[in-house]
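Paired with chain B in one complex and with chain C in the other, chain A is shared by the two complexes that follow.
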Partner chain A sequence: MTIKIPYYPGCTLKTTAKNFEDTAKLVAGVFDYEFDELYRWNCCGAVYGLSEDNVMHKVAPVRNMLRVKEVGEKRMLVLCSMCFNTLKRANYYVRRNKDKLEVINAIMYLENTTYDGSVEVVHLLELLRDEIGFDRIKKAVKKPLRGITVAAYYGCLLLRPSEIAIDSVEQPTVMEDLVEALGGKVIDLNVKTECCGSYQTVKRKDIVADRTNFIIGEARKQGADMLITSCPLCHFNLDRRQKEAKKRHPDFKEMPILYFTQLMALAFGFEEDKLGFEPHYVDPRPLLKERGLL
Partner chain B sequence: MGVLKLTKEKFRKVDLINRISGQNVYDCYQCGRCTSGCPSADEMDIVPSQTMRFLQIGEVDKVVESNTPWVCLTCLICSVRCPKGIDIAAIMEALRLVKLRTNYDFIHPNKIPEEDLEELPPIALVAAFRKMTP
Partner chain C sequence: MAEKEVLNEEEKEPQAKMIPVFIMGQKYEVPEGSTILNAIEYAGYQLKKGVGCREGFCGACATVYRLPGDYKLRGGLACQTVVQPGMYLTQIPFTPAQKAIYDIDEVKPDISTFQKFYPEVFRCLGCNACTKVCPQELKVMDYIQAIMRGDIELAADLSFDCIMCGLCTMRCPAEMAQYNIALLARRLYGKYMMPKPEFVYKRIEEIEQGKYEKEFEEIMSLSKEELEKRYTERDINFDIT
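== the complex of A and B ==
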């Protein structure tokens, strides 16, 4: 039986990370999950407001929780790491600060319902690990990922702060376990929880290019051929900023960056045109063809 | 050992940072773990642990006028590793906010080159505007 799960996409999964959404839907479909996109979802704000004296930045994420309540559901599936962090932190905050929740509800007075903190924010990686399970994932593999070595990169927002982390804050393993279930070889990347440079990519490309050079350089040193992530901003920075990294560091070598769902779709035997490799700056296809995976 | 005495004006500024961030800068005992993990420390005029010390002695203007809060990545490594549980990233946010709340723009949307706007993902722009514009 198909399980419908309320789904919050966020702005970037509808634009530059469309390939992330498409492949996520494909792999969820393998396990009979269907993404039920929330009606009238709004931008979460991308970053969580850290100020203690202003609740305005928490209104947008909390408003999305109402959309889940309106359809009579209890949880919300998120793919983007930034949305996940913003939504889950805002949710955690209003659960612990009932007075602030009252203020936020008062701001949203035009809504038909009020929020009570009852919605759970779930990341796709949690769903894969806790509900679907790696055993079922293993059984669904049609094309084991032999011949490639993968580095799993988490970045910041799935893990910090610890209250909302999907795994160990300093030593996460969920993506490594996933790659192993797909039959691939995975390294224990030493910089897997380090920041890619985040929103500095707008004004300080140089910082991000240096971070990209560092993270990919470390992955390369440890023997990785490619790197996987779940964050559209990490993906952009690590993929697109390789251009700047090459300019700043002449010995830099390019590396394909994939969403973990693209790797899953590949292992589940989906055709090349379904994998969404076209928008990548560093095309993963030559490597995958060379290793006999495409 | 001398006793640290702040002028009323300096005390007010420190208090504002504490109130905006919800933290207490006097919790810091200068172990330096925030700085050792900070991926942006090399770029900073004043590294995170020094920032904490400057705030404790009331030198708020000095850190507000430095590049430190603007090259912070809000990656939260400092906050999760602080043995005293200080959310240092929230203090960086407070340092940005005291400027931003005077209607200060650190980035100008109309000065971003067009080719960048075409390729940047929406989350990069939304996040940068949230952190660096009023």
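== the complex of A and C ==
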């Protein structure tokens, strides 16, 4: 029986990371999960506001959780690491600060209901690990990922602060376990929780190009052919900024960066045109063809 | 004499109950049931700005008001909103707002156009102050949010009834001009995304191929008398639906 799960996409998954959303829906479908997109949703807040008193910046994420409660649901599936972090932290904040939640509810007086902290924010990786399980994933594999070595890169948003982490803050393994379930070889990337340079990418491309050079360089040293992530911003920085990294570091060698869902869709035997490789700066297809996976 | 007095009594208009309102802080007694616009004029103001069609369509008479004992700042159109006792009000006849200049033939129907011309869209906090004040009861925040994720069709749809009164823009903490941004969304939708009316193109093609030339030539060749005869004898009961 199909399980419908309330789904919050966020703006990036509707624009530059459409391939993340499309492949995530494909792989969830393999396990009879259907993403039930919220009938109304707004920006997650984009960056969690660190100022404790500034409730205004927490209205947007809380309003999305209220939408879930409004339709009588208890959890909300999120794919984008940025949205996940902002939503889950805002949820954690209002659960601990009832007075601030009251202020936020008072600002949202046009809504038909109030928010009470009851909704759980769930990342797709958590759903795969805790509910679907790696055994079922293993069984669904049609094309084991033999011949490639993968590095899993988490960045910061899935793991920090520890209160909202989906895995060990220092030694996460969920994506490594996933790659192994898909029949691939995975390295224990030494820089998997380091910073990609984040929004510096807007004004200081050089900083991000250097981070990209460093992270991909470390992955390559450890023998990786490609790198997976769940964050559209990490993806943008690690993929697009390879152009600048090449200019600044003559010995830099390109590496394909994939969303973990693209790798899953590949292993589950979906056709090439469903994998969403077109928008990538570094095209993963030559490598995958060379290794006999496409 | 007595008869005349009775007539006078009948001619006398019934006295409306008067209620107090505060127009820009000054107290006036105005007839109950008046619109804000009528109340302002009743109080003696002659409006040259802040008034337009008087029918709720043009968006010129934006007004903000508060009711006694209520902290909420409400928005309305002066020509459509009825005064209430103790109401504090003022008109906002004009809203200074960003209005981008663009050539609709040169822009793309996607998010990049908004990033270029209205980057402030992406400062939306989701506070919903715009929706609260909208006299058309539009989901203003929702259409801005739709633009933020590139859903131009949804933005065009949700903003369709906007009359551009400017109240959302006056309330926005992100300082954007929602109504001009929505106008761009509707123009992009109309120009690039809306299904094309195939019947119009077909008819234009027929005209260009001269399908109706003969009939026009015949009409043009008629004398004045013949034209008048045709006009008076025409079938006026044809079904226009």
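Of note:
Convention: the second predicted complex is superposed on the first by the 294 of 294 C-alpha atoms of A that agree within 3 Å, B and C clash if a C-alpha of one lies under 4 Å from a C-alpha of the other, contacts with A are read in each partner's own complex, and residues count from 1 in each chain.
We adopt the following convention: a contact is a pair of C-beta atoms (placed from the backbone, for glycine too) under 8 Å apart; a residue touches a chain by one contact, two chains touch by 3 or more.
Source: prediction; values computed, not measured.
Contacts of A:I107 after superposition: chain C is touched, whereas chain B is not reached.
Judged by the touch definition given at the top, the superposed model places A:C11 against both chain B and chain C. Within the superposed three-chain arrangement, the count of touched residues of chain A is higher for B, of the candidates chain B and chain C. When both complexes are overlaid on chain A, the residue A:R40 reaches chain C alone and has no touch with chain B.
By the touch criterion stated above, A:R63 is placed in contact with chain C alone, chain B being left untouched.
Of the two partner chains, chain B is the only one touched by A:Y199; chain C is not. Of the two partner chains, chain B is the only one that A:E52 touches; chain C does not reach it. Within the superposed three-chain model, A:Q262 lies out of touch with both chain B and chain C [touch as defined at top]. Residues 10-11, 15, 43, 45, 57 of chain A contact both chain B in one complex and chain C in the other.
The part of chain A that touches chain C in the complex is made up of residues 9-11, 14-15, 40-43, 45, 56-57, 59-60, 63, 107-110.
Remark: chain A residues 10-12, 15-17, 43, 45-47, 49-53, 57, 80, 82, 156, 160-162, 169, 193-195, 197-204, 207, 211, 232-233, 236, 240 touch chain B in the complex. Within the complex formed with chain A, the residues of chain C that make contact are 72, 111, 124-128, 131-132, 141-142, 145, 148-151, 173. In the complex of the two chains, the chain B residues touching chain A come out as 19-22, 39-40, 43, 71, 73-77, 79-80, 87, 89-90, 93-94, 97, 106-107, 112, 116, 119-128, 130-132.
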